[in-house]
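What follows is a pair of complexes built around subunit A, which joins subunit B in one and subunit C in the other.
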Partner chain A sequence: MNKHSHKSAYIVMTLVIIWLVLPLLATIIYSLFEDWTGIIPKGFTLANYESIFTNEDFLTSMYQTVLICIIPIFITVLIMLLALFVVTVYFPKIEKYVQILCMIPYTIQGIILSVSILILYANSESFFGNRMVMLLGAYCIIILPYIYNGIRNGMRAINMNMLLEAAEMLGESKIKAFFKVIVPNIISGITVSSLLAVSLLFGDYVIIRNLSSTDVNNMQQFLYQTMKRSSTEASAVFVVIMLITFLIAAIVLTIQSRSSSEKLKETGK
Partner chain B sequence: MSYISFENINKQFGTNHVLKDINLEVEKGQLVTLLGPSGCGKSTLLRCLAGLEQVTSGKIFLDGQDITDIPPRRRGIGMVFQAYSLFPNLTVYQNVAYGLKIKKMSKLEIEQKVTQMLDIVGLSDKIKQYPAQLSGGQQQRVALARAMVTEPKVLLLDEPLSAIDALLRKNLQIEIRRIQKQLGITTIFVTHDQDEAMTLSDKIHLFHDGKIEQSATPEEIYAHPATKFAASFIGNYNLPVVAEFNKAFQCDFQNESIAIRPEIIVLSKEPVEKTEQTLVSQGVIKGYTPHGSLTRYNVDFDGLQLNADVLFNNNMAFDVDDRVYASIAKDQINCF
Partner chain C sequence: MDGKKRVAKSKLSTYRYYFLIALVPFIILVAMYEVMPLIMLVIDSFQLDKDPSVAFSLDNYTKIFSTLSYQKAMENSLVITLISTGVGIVVAFLGARAAHESHGRYKRFFMAVLNMTSNFAGVPLAFAYMILLGNAGVIKQIANMYGIEFIQNFDLYTSNGLTIMYIYFQIPLATLLLIPAFNGIRNEWHEANELLGGNTAQFWLRIGIPILIPSLFSTMSVLFANSLCAYATAYALLMNNFSLLPLNISASFVGDIKTKPKLGAALSVVMMLMLCIVILFNNFITKKTTKWEGR
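And now, the complex of A and B:
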């Protein structure tokens, strides 16, 4: 590549970064000042942040967001591990159908999913009629493809059947060998896909808005409510959400780069 | 009854009949080899003994006990796989100790046994390393130690050296034989390499198309192959068309096939007299291939091409287009 094309590539990249970062930067500045009607913002303040961090509703919504993110991920990871164990070991022929089933949620829009669940279960007096169960169920469906891919790719990378056979020959049962030998070897794949699922659920507004009862709020709902009250405070909420999302992304990238550098070390490259 | 006994074993994968009425016996303390080309059923039989495959029909006995329907973990059999199958997340020590932990042995006992076994395979200095940090040969030795440390009734080796380079392979062959003799462990070795089978085995069972073609000691199977397939698979037998051979060497074999080992064809530049025990013919050297300690000459006898081995003695005994006399001892020719 010559110097000229290098230069133009840098220009394009800088423009794209400005285009993406500028609104975020503006939001941060907006959340830190009392007034920004002129060119220069006036009255630096941290009051917006103080207000949201002392607001019990915000802390509750943050706590509830974490909870409704972790529970579906835990359930889905456990179900997918057991399902893929059974499929790989005992029914390898149905693997392709399981794959199709797990990929379907990619194509379902949140609004369609939540409305469908409401139509099916809203009037049900059974366990599934509970709003929280509906919400967690919907989240399990939404994150299914990510968790499936994370676990399946991990399993493919280690020749699971052969390791299970080796453990079996040493006197271990298949299921114990799976949790003692296979799971530790795919744990980084599970972690990465789980963190991706966290960021996905973190940003949900549509499903929780439709499915949850009024006493379950996530941060997106809190943001919506704050927007009605104060635009600067809403900016502060947005900045907090953005920072948490960045944190999740940073953890994912660190784990990914660590596992790939370990692989490079293993292969001696 | 022998220590291991296969009785009328059949194994089918759908319509593919992989093992056909296999009857095979292995004595205690022996190292036997299941030898044959890819897809002949030798690994399947091994996996049936391990319990990793269920037989379609037939019975397997180990030490007098019918183990046909016993799950693999309760058979007391150790196995080394072609791809090592070491647990990547565990160190060498943890890999070897894995089977002992399942047996719920005390920590002290585990430590003693693992250390002793790693000493035997020569990897005492690698106990803290992970499989990815070891070479192929070292990984295979860890796999061997892991399989043997639990003192299994039988040790199964499924082409364990096929992914290892030639020199290391030779060393490991000798090492496996040494350890097997030292521990007196009954061992079944699967390979498609006839040299490996010859080096290691007390007895070779030659497989072809899901059946046992011949069972014999390495010397016997090499000198007296029972069938044309055995002759073609073992050694580098010449398998000439009988009529062409009769014409070239002026003899009268009536058998369907004959097999001649390259080393029993004696080449000479001087005329050789035909006797009652020998066949003689004149031919022309068409080419040669050096094999280190010997040279394999391709000799043409009026259209019949045979290979003859001559020990290498600092220089080539013959050159291309040399006219040579070939003599073959009649009783060394195998007829089927």
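And now, the complex of A and C:
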């Protein structure tokens, strides 16, 4: 590539970075100062952070967010592992249908999924009419594409049938071999897709707004309520949300780059 | 020998059906929270909020297409979606090309920024833009100080403001989706183009973009769905004071005013149809453009 295109590539990347970082940076600065009406903000302060971390509602919403993110991921990973084990080992013909079912949530997204679950269960007096059950059900579905892809790609990368046969020859049953041999081999793929699912659920606003009762709030809802009340406090909530999102993305990137460098090593032999 | 094998095989095939039990949790989950709700949604869209005795009617649909506020909602949704998708794909093309052409630390930093911001949408995004460009926003005040008119006159709380935010969240997603496609463009093609006397613009117009067309269209269909269904960003900025499909759908199920769930179901079906059209169109393009690979 010539020098000219090199230069223009840097310019494009720099412009995109500025566009993406500017709103974040402005809000971080806003959260750290008392007054920003001129060009230069005045009066450095951590008071906003102090006030949200002593706010019981904030801590509750944080705790609830963690719970409603982790439970559905745990359920969906387990269900998908069982389903994909049977399908790939015994019934490869129906894999197509499993794939379609797993990809539908990707197109209907949160808004349509949440209202259609509302139609079916909102007036039900039974267990399924419970708002928490509806929310967890919707969350299990909305993360299906990510979990499916993670497990499926992991299974494709290793030679699953050969590993299973080898384990069978050594006297293990297939299902035991699956959990003892296959799952440890694809665990990094499962971790990455689970983390992607965490960041998806962590950023959810529409499903929880439509489905949950008022006493269950996630951090997005807390941010929305705070921002109606005080923009300086909301900016501190914003920074906490952003840091958590970035932390998850950073972990994903590290795992991915580590596993790809391992692959390089293996093929390099 | 052959007979033995067959017996063993048939034994195996009855035995393997026991394993269908492991598929049951998946089937229950998908049936209860994906398939049945969607079927109910479609059935409900043909029933009426006023008169529950009617089993089948197209009234909801005729109402949607003849009422001004719903027409406006569809128009706003489509216009914002198309603009943000168009701008998103152009910027993503340039960004992905730049990433493809460069190496080293700065590229890694660029990728990190894309990854970090690709999950940044919804309420936090709307809030950050209010701090930046809202009525008392930082940039607004700087513009007031120096009398920069076009920023002073810019109103964030309109469809323009919404479009800017949608463009924001489309860019990292689209760029990340496009970067792998650029790896398919080989250096030899650049060289061949140069040997034949072509310049860079000719390379991209005649070789690069045609090669990338399947990836460009599939990225665009993801962007379309992503923006058409976006709810939180619009709600955080404008609440329900704006006609937009996701806002209208949600407001007809949960809201302070009287809810109209059957009409909301019909609106959801209309939105699903829009998504289906885009997906089918994308499949058609992919089929047309990837034919040559098989030859």
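Brief remarks on what is shown
Keep this in mind: the second predicted complex is superposed on the first by the 268 of 269 C-alpha atoms of A that agree within 3 Å, B and C clash if a C-alpha of one lies under 4 Å from a C-alpha of the other, contacts with A are read in each partner's own complex, and residues count from 1 in each chain.
Just so it is clear, a residue touches a chain if its C-beta (ideal position, glycine included) is under 8 Å from a C-beta of that chain, and two chains touch if they have at least 3 such contacts.
Since the structure is predicted, the reported quantities are computational estimates derived from the model, not experimental observations.
Residue contacts after overlaying the shared chain place A:Ser116 against subunit C, while subunit B stays out of touching range. Of the two partner chains placed around the shared chain by superposition, neither subunit B nor subunit C is touched by A:Thr254.
More residues of subunit A are in touch with C than with the other of subunit B and subunit C.
By the document's definition of touching, of the two partners only subunit B reaches A:Met162; subunit C does not. Using the contact criterion defined above for the overlaid structures, shared-chain residue A:Leu24 touches subunit C, although it does not reach subunit B.
Of the two partner chains, subunit C is the only one touched by A:Val98; subunit B is not. Of the two partner chains, neither subunit B nor subunit C is touched by A:Asn153.
Touch criterion not met for A:Ser124: it reaches neither subunit B nor subunit C. Contacts of A:Ser230 after superposition on the shared chain: neither subunit B nor subunit C is touched. In the complex of the two chains, the subunit A residues touching subunit C come out as 1, 5-6, 8-10, 12-13, 16-17, 19-24, 26-27, 30, 36-39, 75-76, 78-80, 82-83, 85-87, 89-91, 98, 101, 104-113, 115-120, 128, 137-138, 140-141, 144, 175, 199-200, 202-203, 205-206, 209-210, 220-221, 223-224, 227, 231, 234-235, 238, 241-242, 245-246, 248-250, 252-253.
Looking at the complex, you find that subunit A touches subunit B at residues 158-159, 162-163, 165-173, 181, 184-185, 265-267.
The touching residues of subunit B, when paired with subunit A in their complex, are 50, 52, 71-74, 77-79, 81, 83, 85-89, 98-99, 102-103, 132-133, 146-147, 150. Contact residues on subunit C toward subunit A in their complex (touch as defined above): 16, 19-20, 22-23, 25-26, 29-30, 32-38, 40-41, 44, 91, 94-95, 97-99, 101-102, 106-107, 109-110, 112-125, 127-132, 138, 141-142, 145, 168, 171-172, 175, 190, 200, 225-226, 229, 231-232, 235-236, 246, 249-250, 253-254, 261, 264-265, 268, 271-272, 275-276, 279.
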